[in-house]
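I'd like to ask you about the structure that follows.
When the chains are written out, they are named A, B and C in that same order, and each has its own residue count from 1.
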Amino acid sequence: MVKYLVRRVLQMVPVFLGVTLILFVLRIPGFLPGDPIKLIVGERPLSAELRAQVEKENRLNEPIHEQYVWYVTQALQGDFGNSYQKNRPVAEILGDKFPNTFRLAFAAILVEIVVGILAGIISAVKQYSFWDVLVTLSTSVLVSVPVFWLGLLLQMFFGIKLKQWTGGAMFLPITGMGDPPDLVHLILPAITLASVSTAYVARIMRSQMLEAMGQDYIRTAVAKGLTERAVVFRHAMKNALIPVVTYIGIDLGALMGGAILTESVFSWPGVGRELYLAVLQRDWPVVMGGVLVVVLIVMVVNLLVDISYAVLDPRIRYGGAAE
Amino acid sequence: MALLEVTNLKTHFTTRDGVVRAVDGVSFSVEEGHTLAIVGESGSGKSVTALSLMRLIPDPPGKIIEGSIILRGDDVRKMDDSTVRAMRGDRIAMIFQDPMTSLNPVFRVGFQIGEALRIHKGMTRKEAAARAVEMLELVGIPNPADRARDYPHQFSGGMRQRAMIAMALACDPDILIADEPTTALDVTIQAQILELMIELQQRKGTAIIMITHDLGVVADMADDVMVMYAGKQVEYGSAHDVFYQPRHPYTWGLLDSLPRHDIDEKGTLLPIEGQPPSLIDVPSGCAFHPRCPYAQDRCVKESPELRDITSGHMAACHFAGEDGFVRGEAVPVTGGVE
Amino acid sequence: MSARNRKAGAPFTPAGEPVDAGGHLLKDDRPGAVSIPGAGDIPPGRKTRTLWGDAWTRLRKNKLAIAGLVWVILIITVTLSADLWVPQTFGDPTSTEFDGLLSPSATHPFGTDRIGRDVFARVIYGARVSLAVGVLAVGISVILGLTLGALSGYYGGVLDSLVMRTADIFFAFPYMLFAIALLAILGPGYQNVFIAIGILGWPSIARVFRSSILSVKETEYVDAARAMGASDLRIMLRHVLPNAIAPLIVYSTMSIGGAIITEAALSYLGMGVQAPTPSWGGMLSEAKALMGVAPWLTIWPGFAILTTVLSFVLMGDGMRDALDVKMKD
C-alpha cells in the first residue's frame, strides 16, 4: 500500500510539471493575443523607462526558461504572482473564490448521493417496473440536457413563474446574495451542477446492483435465510457501492475545480467563473495560478479516491496493490 | 416417516424459446442422517431439484408447478415467505459448487458464518462471532480466530469450501444439500472435503443430499442413489443396488465412464455417446433413446415409467428386469430397430 | 414408507419424430438467453448470424434507439433543405424584418427575438452548426486518438510513455477551461470550435484503442501475420482495427452528443460561433436577459439541443447493447 502510494505520488509529478509547462507557454509574448505590458498597465502610452520597470517587475525581460523555473518555484510556495487586471496577488483572489466553489461542489455531491443512489437502488430492485422505466428515461434525458440551459429553466421557473411563492430574487442569485452567498441561493445552482452526475450515479448504481444481485454469493445469502432487505441492502449494496463511491469521489474532485457554466449562469462567485472571466480579460497570471491549483486539487482528490477504494474493497487492501 | 419426502416434483422454466421442463415429476425421500446422492449430467435437472427444495428457484422464469416437499410433516411448497426464510439455513442448508464466488467478497468470513446464527438462533454479534470461530475450527481451518477476520479472497479454494460447510452447518440443519461441492476443487482437495463431510455427518447426524455428476464421488458416502436424466428419475435405489446391479443403460454408461478397479479390470473408460437433450424439445418416448445403444422402436414411441425392479430398486427402462438385460451382458442393437 | 415405492408420475410422452440430439448442441452465449441454475445452456432454436447482422436485428427492436435515429435523420433533412423553404415561409434567419419579441404564433411558431428575427428559422439553421461541429470534432478526435493510440500501443516504450503522460495531462485539465483557453488562443469562430473540441477529445479514444491493441498484439494470429511478413500498417488495419471497431462506434456516437453540448456551451459563453450566424448556444446567450419577457427565446433553442443530444445518446446506448460493448466510463 505504501509502495503504491509513493508510486502514485511520483506519477503525479510529471503530470503536474506538464501542466505548468503548457500553462507557461501561454505567457510567451506573441504566442497569446495581447501584449502583456498593455494587459498590465492598460492602453495608455508608456515611457520607455516605465515599460522597462514593468517588464522588470514581472520578469518579462528574462530568458523564458529562467522565467519558468522562477514561476514554478514561486508557485510551489503559494505565490502565483499578481493579477494583471486587479492589481492583487492571484493567491488572494483564488482564496476568495475557492470557498464558494467548495460550497457549491459539496451541495451538488449531496444531491448526487441522495438522489442518484436512491434512484439507482429503486430502479434495480424494481427492475422493469414503472419506476425503473422512469429512472432509465429521465437519466437519459438528464445527461442530454445542457447544464446552462437547465440553470436558465430553473431560474425562469422558480425565479419568475413562481415569484410570489419563492420571493423571486431569493432563488435568483443574480441580485444581492452576499459573499459568501446565503444557503438558499445554493439550491438551484447545486441541482443544476449535480444534474448530469446524478444521472450517471443512478445508472451506475442500477447496473452495479443488478450485477451484484446476479452473483453466487447472493444465492448463498438467500439460502442462509436472510430477508430480502438484508440481501439487497447488505450483501448486494456493499458490493455495488464500491464503483459508485469511486465515481462520486472523482466527480467531487472535478466539481471542486470550479464549474464554469453553472457559476456563470447563476453568477456564482466561484473559481470557475473567475477563471472564465480571467481568460476573457487575458489575465494570464490568474488563469495560470487558478488552473494549477485546480489541477492539484483534482489530482489529490483522485489519489484519495484510490485510497478509499482500497479501504472499501478488501481484495485491494491486502492483495494487488499494484493495481 | 422419512425426514424429507418429495413427491412428483415438477419445476418448469418459461423461456423465450419455450417451456423448459427442468424437473419433471421426481419423487424421493431422505431418512434422518442418511445420504442421498442425486447423479446426472449437467442439464439433467439435479441442481434445480436441489434449489426447489429450498424454494430458491428464481421466479420468473422458474416455478414449481406440481408436487409436494414434506419436511418433517411441513409442506415446503405451502410455506409463506417468512416460514421459508426461517427454514433456509436453519433446517435445510446448502453449499454450492464454486466456493470462489459463493462467499461475499466484501464481508469477513467469520461475519458471513455468524449471520445465519444471528437470524435463526437470535445470537448477538459477539456470540455469533465466537460460534463462527468454533465452526471454522470444526471444519479444520488452522488459527480459526485469526482466519475468521479474513476476507474470502485470503482463503484458498479448499478453505473456502470448508468455510461454506461451516456456514451451512452453523445452525445444525436437518439436511445439508451439497451441489457439486468438490467439482471446482483440485483432486487432492476433493477427497479432503468429502472426508470432512462424512466425518461431520457422523458427528452431527445431518442428512446429506449430494448433487454430483460423478458417481465416483458418492461411492463411499451415499446410502441411496437417484440417477436423473432430462428432468426425470431413470434409476433410484440403495447405493448397493445401483452400483452393483444397475438396471438402466444410462446408469451403465455413467459407471462405464468411471475409472474403476474393483469391478472390471479392463481399465477402459467408455464415454456416453452424444449429448444431454434439450429440455424444451425432449426426445419422444424414452428421453435417453437417441443415445441408448439398446434402444428399439418401443423406446421411440413409449415413455417408460419408473417401476420397481426388485423391492425398493426402481428403474425407468422398458427392458429393465428382463433376463440378460444387465450391465455387461446386454447386446447393443446395431440397426436401432429389431 | 418411502417414496421409492411410489410411481414417479412421469407423464406419458406421445410418440413423435425422433429428435436428433446432435441438433441441440449449439451453445448460446448471446445476451438474452435465460440461464437456469444447473441446467447448463439452453440450446437456442435460432440460426446463428453475423455480428453485424445480429447487432442490427437487436438494434431494430430498440424503440428508443430507432426514435433517436429517426430524429437525427429528420433534423439533417430539415436543416439541409432549409434554404428551399424556411426563408420563404418563416423568414431569413439573419434578417431583422419582423417586429421584435413577437410571441409564438402561426406565422412565427417559435416567436421572434429582440431584433425581430424569426426564432424558428434560427433554430433550424442552428442545427447546421451543431451537427457540423459535432461530427467534425469527433472526426478529429477519432483520427488523432486512433493514430496516437496505435503508435502508443503498437510500438510501446518511450513513445508510449510520452503519449500516455500527455493524455494524463489532458485529463488533469478542467475540460471547459481548457476549451475556453484554446479558443482564447485560436480565436472564436466555428472552425476553431470544432478544432478545439476535437483536440480535447483524443485522449479517451487513444486510451481505448491502445488497450485494444495491447490485447490483440499478443495473440497468435498477429504473430502469424507478422511471420508472413505483413507490414505494421496492414496488421493494424486487418487485425487490430476490426476488434476495436465496435467500442469505437459506440463511443463516437455518444461523443457527437457531447461535442454538440460543448459547442453550445462555448457559444453560450461567447467563445464559439459568433453572431449573426445562428447557433443554439448563441441564441440562449442572447435570451438570458429576456427570460422574464420572452421565455420562448430560452425554451426552443435549448429544446433543440436536448432532443438532438438525446438522440445521439439513445443511439449510442442502443448500439452498445446491440454490439454488447462494455464501456468503462
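Here is the rule we use: contacts are C-beta pairs under 8 Å (C-beta built on N, C-alpha and C of every residue); 3 or more make two chains touch, one makes a residue touch a chain.
What you see is a predicted model; the values in this text were computed from it and never measured.
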Distance-to-centre winner among chains (Cα means, whole assembly as reference): C
Winner on C-beta contact pairs when A-B is weighed against A-C: A-C
Rounded Å distance between chain B and chain C, as computed from the means of their C-alpha atoms: 49
Whole-Å gap between the CA centroids of chain A and chain B: 55
For chain A paired with chain C, centre-to-centre distance based on mean C-alpha positions, whole Å: 24
Of all residues in chain B, the ones touching two or more other chains: 56
Of all residues in chain A, the ones touching two or more other chains: none
In the complex, chain B residues that touch chain A: 54, 56, 85-90, 93-94, 96, 98, 101-107, 115-116, 119-120, 151, 153-154, 164, 167
Residues of chain A touching chain C in the complex: 11, 14-16, 18-19, 22, 26, 31-33, 140-141, 143-149, 152-153, 155-156, 160, 254, 257-258, 260-261, 264-265, 272, 275-276, 279-280, 282, 287, 291, 294-295, 298-299
In the complex with chain A, residue positions of chain C that touch it: 64, 165-166, 168-169, 172-174, 176-177, 180-181, 184-185, 187, 257, 261, 264-265, 268-270, 281, 284, 287-288, 291-292, 295, 298-299, 302, 305-306, 309-310, 313-314, 317
Contacting residues of chain A [partner chain B, same complex]: 215-217, 219-227, 235, 238-239, 242, 312-315, 318-319
